[in-house]
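Across the two complexes that follow, subunit A remains constant while its partner is subunit B and subsequently subunit C.
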Partner chain A sequence: MFYRLSGVHHTRYASARQLWPLPADRWQVAAVFVLAVAAPLYMSDLYLSSYMLPWLVWSTATLALTLLMGVAGQLHFGFGAVMAIGAYTSIHLTQAGVPFELALLVAGLLAALIGCLFGAAALRVKGLYLVMATLAMQFLVDWVIVNVKAISGGAVATLQAPAVEFLWIPVDTLVARYYVALLWAVIVTLLMLNIKRTSFGRALVAVRDKDFAAAVIGVNIFKYKLLAFFTSSFLGGVTGAILAFCFYRAVTPQQFSFDISIQLVAMVLVGGLGSTIGAFLGAGFVLLAPIVLLNIVAPMVEAGWLPVSASLMAHIPLMIYGAMIIGFLLFEPLGLAKIYDNARKYFLVWPFRHTQS
Partner chain B sequence: MNIEFFLELLANGALTGLMYGMVALGIVLIYKSSGVLNFSQGAMVMTAGYVTWLMTSFGLSIYAAVALGIVAMFVFGLLIERLLLRSMVGQPIIMIVMLTLGLDVFLRGLVPGILGTSPKHLDIGVGMAPLILGDVFINRVYLVGGVVALALFALAALFFRTRLGTKLRAVSDDHVSSWSVGISVEHAVAMSWGLAGVCAVGAGTIWGTVQGVEWSLTALLFPAVAVVILGGIDSILGALLGGIVVGVLGSVIPGYVDPLVGGSTRDVVTSIIILLTIMIRPYGMFGREDIERI
Partner chain C sequence: MRHSIRSMVGSGLAGAAILAAGLAGGVAHAQDKAPIKAATLLDFTRVYTFLTDEYSQGQQDYIKLLNMEGGIDGHPVELIVRDQGSQPQQGIALYNQARQEGAIFFDFLSTPVANAVMPRANEDHLPMMTFAHGRADAIDGQRFPFVFPSAAIYRSQAALLLQYMDEHGGLKDKKIAFVHIDSPFGREPLALLEAMAKTKGFTLKAFPYAVPGTEQSAAWTDVRRFRPDNVIIWGAGPGQAVSIRGAISNGISPKSIYSVIWLSETDMRSFQGDAVVGVKRFTAVNTGADSAILKRISEKVIDAGKGTGDAKVVGSTYYNIGVASMAIMAQAAKQALDTQGAPLTGDKLKAGFEMIKDFDAEGLMPPLTITDKDHQGGGWGRVSEWDGDKWVPLNDWGHAYQDVVWQLVRDDAEKAAKEAKK
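Right, the complex of A and B next:
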């Protein structure tokens, strides 16, 4: 706690280049990891199933999207559709008797292939037009899923997720489902943390910053834009399957509608574009802030302090959600990741602020 | 497969398209002046519908309600620009798109939350009985809507010939050179938001009469986006013709295909229009092509 930069002198490149060069950060990451692994021990089932589990899965989805939007700079307003493809593929495959592990992989691959079609638009246009193209594809995928009975079983049908095993452990209890989601979240997080240290990640960043300029220095923008869509959609597809199996345990078309795509973009932006910790903070904030604020407002209304009608009460979460998006964009466009970063930097050198570089 | 059925789909589709064009006109005005694609135009249409309904529920006639609605929505548009959009100048496009989407979500919560979620009935006093021309049935409200839309388009075209409209055209050409000749870009952008609010009153009143004033009016955004993409985001003529094309295709194709595949192909047609336009000619039929430099 006390001047945590003290005694940190890197004498080898390897130690300076590691993921967390500061011991304080390593301790923090280890503590968070232990807390996450031990969550079933100290959390009630209600909190685990309705807060912790969705938070983990949505954070993973946000990580997948921030890889595309933040690192590679390709706007995507149809990520819900990509996740839907993963979810439906995995459910149909496991119902046909394919092992869960293989079904997850195939779900990811199919989502990645169709995701590359979204990417095909990115080869032609960018910016605003890419937003519209992905948005239109979201509607097309939604329509195909709803109207092709072989996929969804009808517009209002619900497909139950069959009982599955993951690495010979049955995924039937809440704890097992939590650990599957946690494992996937850890894998994606490690990937995201490391991707900017690879040539692939640097190429994506070059394409994001200016694609013509990237082409001039020899980055094949055609290839890397498609690869960005492929990777991100693969992760998104598997996350969709995890969402269907671990959280909803059933799948309907409404779970992956256009609103979900917007929500994912909101999570990315509230967290901070391209930031790994921001994805976790953003997903948590977008999911939980409306609930928490509603829980604050509700007792005040019951006590008669605020004159709020029942119909307005029902709309308060939506209003908070919208106001939150607007507020973050206006007052902290770099998102929660920036706020976290400021606080971290402040405490790193506390109480010797003058040493801050 | 008779000719009357086709003509009926064609006529009503064209009128619907003109009404879509009315929503799209607001988007075009804002894009022209500031390069912001306003994804909250659907929510503004809904708000305008609610405002008009609120005025009539005070006992005002529909004309007085629309007139007051125009004033209210003009101020509303100015306020949005001043409070939200002005501080976003120079931010990346994704931030601005998301800001207008956030505004859309916020209004969708706020307005029905305060004024009630059940569909509100709005009556512009033309009756519900269809107009019969030969063997073709035409919805009277659609006809009025089409006329109002054409009037709005004509007004918009005339407006760009006035002094203020010339300033707006200058701003849409280039912000920096407008500043250098003493045109206030901020005023022009604010004005375009106000005018978009005025367009929203027309669209909100007509669409509110057609399908009732409720939150689903925000869904008009999607066909309106197709209209502006097809016509060119910065072209008023494009919004007019694009509207007719989107309306006709969105009426004729579902008319024949819906019975075969079981419904709701209209959104698919709209999506395909967006995709094909972006793939073949991203700047639309009449839009200005931007040339990008490093």
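Right, the complex of A and C next:
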């Protein structure tokens, strides 16, 4: 009923193979897209700048990481460092007068290059050992940024993002910054949706499922593992630059610390490995749940319903948040994306109960 | 799929309702008499936990006292206390939210969050306090008009410790070990120490240890080989006790250990007996509960059963720093109201801060004088010594080598100007 299947006949391969073959899905995507584009019209500055914008940027970063972890199956616990490389590169380049668009590209390329260097470890090691190699990347990059004054600008320095233009439009207002982030999110989302349908994506999936089996059927695992790191790090680097210019408007080493890498991994896992919508849901959950919970608990404390100290009040949202993560993982180990998928499948045949999976 | 549609829709709706309630949670509460809203968005849960509880308790108790005594010219002060977990993105979100609720003063007590909010606060014309932490060049009121460290920054603290050593035994041809946490905070005084080593003729050697500082044995073995005359330890939280243990087990007398401001009673009481008697520390705010404000807090707030937390904490180092931070804010707000009238805005409060002259919070701290150029307030402090039970001041309030401190700030400003031109 909600997803009317009757009368949907695909008479061409092109229409059967499109991203969303069902009209209902297309409507939903269109509605979400319109809502996102019109967000500055109906959202206050507070919501746009502190919830919507960071959510978009973190979702994009999660997409980049889920390409590597979910699609290609290579664990990466140093993605914060990849984003840091992008952020610092872009800021230094724009300070030197390079146009923003070009700086973004170079930021992505440099992140991809360094990401590949550490990703090369993936050629030899897998699983937990790869986690260690990427962790090493996180700490090495952190150390270099903090200790090389030419990069960080000194021990406690904050580098301000200079005023830039994107395609001849100055990125100086919140709305402009929001649209830049949205544009990049849309590009990466479309890329992610399509990449799984290409030979490249299928090769990555083959490598993920069993790398030597993939080699047997003719997939060059040397090439595809490195390509996975390259692509993902490129996207991560550009996202880091977007984060620096559109959200923080400044960079310090702490903005890309180890904690951030772990948070990104949490976003990928809570959302669902390799899922596009999962990246958005996971980022939204990990990023916004603590703040939302704090906003529920704090007024209750202030109204006197909960007689606790400020310190305990600060910890209650984290306790609930932790319990929620455990709850989600127990209820649906495949992440929020799977919960969405279950709901969708249910409504696909509603009011009947016969679903395929 | 065996879930019924009712449960699915139901849980979905409940989720949406909770989300909506959460996002709307920040709406202002109506108050009777134009309150002044101050936001203390602190880190209760992640990195700065070792001091935040006591610090926030001091702030809240002082504000309670202030409101009991009639507020600021009749305006009550309303504190917005939230946890930002030292995460910049959460700090920015809470900052925006508090700003929407009408807060005109901000305190973060977390370097990453403070640094992330600084450009925004300057843009929004909202004063923020970075009491004895944050970036050093923020004391330059011309470059950071809305940031108020309001106390001796780390470089001034190191300068004061050096001056004390100079007055007690001299610095010439001495060997000083600087054992610090390997983070921006730990490296901060290095520039000053190096400059002073040249002019005063002592040998300086830095011994960094890795974050979070719970493991320092490698650094201390090196220190032992260096055979220093004095040791300056620069860390915070649990790492400080580890530093002192490392120093003592490597044959360094507690009398020649000097510490940054972050060394509390709790850190020192973890040692048995007289092992650490004689350790010295920079002090920006008097400890103990015998100053006028603390006495009134004890009397009207604590004894009346209205205290925010454990009464044992009252008068401890971090508690008193919390009291002092709010007392400075209240003084600034009072002067702003007296000269420019209600309602108070960020710009008026900034002007109020810059009118603070010889303010010592009734004897709680050194005389603070903030001007439009100097947001540090003179860089005052003193050296205190641990006597086995409490911190005992060794000298009078003073400041040291401020010309060097400011020269470094000017260098930073020049460098920043050059970079901006590029």
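One rule holds for everything that comes next: the second predicted complex is superposed on the first by the 328 of 357 C-alpha atoms of A that agree within 3 Å, B and C clash if a C-alpha of one lies under 4 Å from a C-alpha of the other, contacts with A are read in each partner's own complex, and residues count from 1 in each chain.
Assume a contact is a pair of C-beta atoms (placed from the backbone, for glycine too) under 8 Å apart; a residue touches a chain by one contact, two chains touch by 3 or more.
Since this is a predicted model, take the numbers as computed values, not measurements.
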Notebook entry, point to check: Now for A:212: first (subunit B), second (subunit C), both, or neither, which partner does it touch?
Noted result: first
Next item on the list: In the overlay, answer first, second, both or neither for which of subunit B and subunit C A:318 touches.
Entry: both
Margin query: Going by the contact rule set out at the top, does A:202 touch subunit B (first), subunit C (second), both, or neither?
Written below: neither
Note to self: Under the stated touch criterion, which partner chain does A:343 make contact with: subunit B (first), subunit C (second), both, or neither?
What the structure shows: second
Check: Of all the subunit A residues, which ones make contact with subunit B and with subunit C?
Finding: 146, 311, 314-315, 317-318
Check: Once bound in the complex, which stretches of subunit A touch subunit B?
Finding: 69, 75, 121, 124-125, 127-129, 131-133, 135-137, 139-140, 143, 146-147, 210, 212-213, 216, 262, 265-266, 269, 273, 311-312, 314-326, 329-330, 333
Notebook entry, point to check: Of all residues in subunit C, which touch subunit A in the complex?
Noted result: 1, 3, 5, 8, 12, 18-19, 21-26, 29, 44-45, 52-53, 56-57, 60, 81-83, 85, 87-90, 92-94, 96-97, 99-100, 111-112, 115-116, 118-120, 134-136, 183-185, 187-188, 190, 308-309, 412, 415, 419-420, 422
Notebook entry, point to check: Which positions of subunit A touch subunit C when the two form their complex?
Noted result: 44-47, 49-51, 54, 95-97, 146, 153-158, 160, 162, 247-250, 252-255, 259, 287, 290-296, 298-299, 302, 309-311, 313-315, 317-318, 342-343, 345-346, 350, 353, 355
Margin query: Under the stated contact criterion, what part of subunit B meets subunit A in this complex?
Written below: 37, 84, 87-88, 91, 93-95, 97-99, 101-110, 112-114, 116-117, 222, 225, 229, 233, 261-265, 267-268, 270-272, 274-275, 278-279, 282, 292, 294
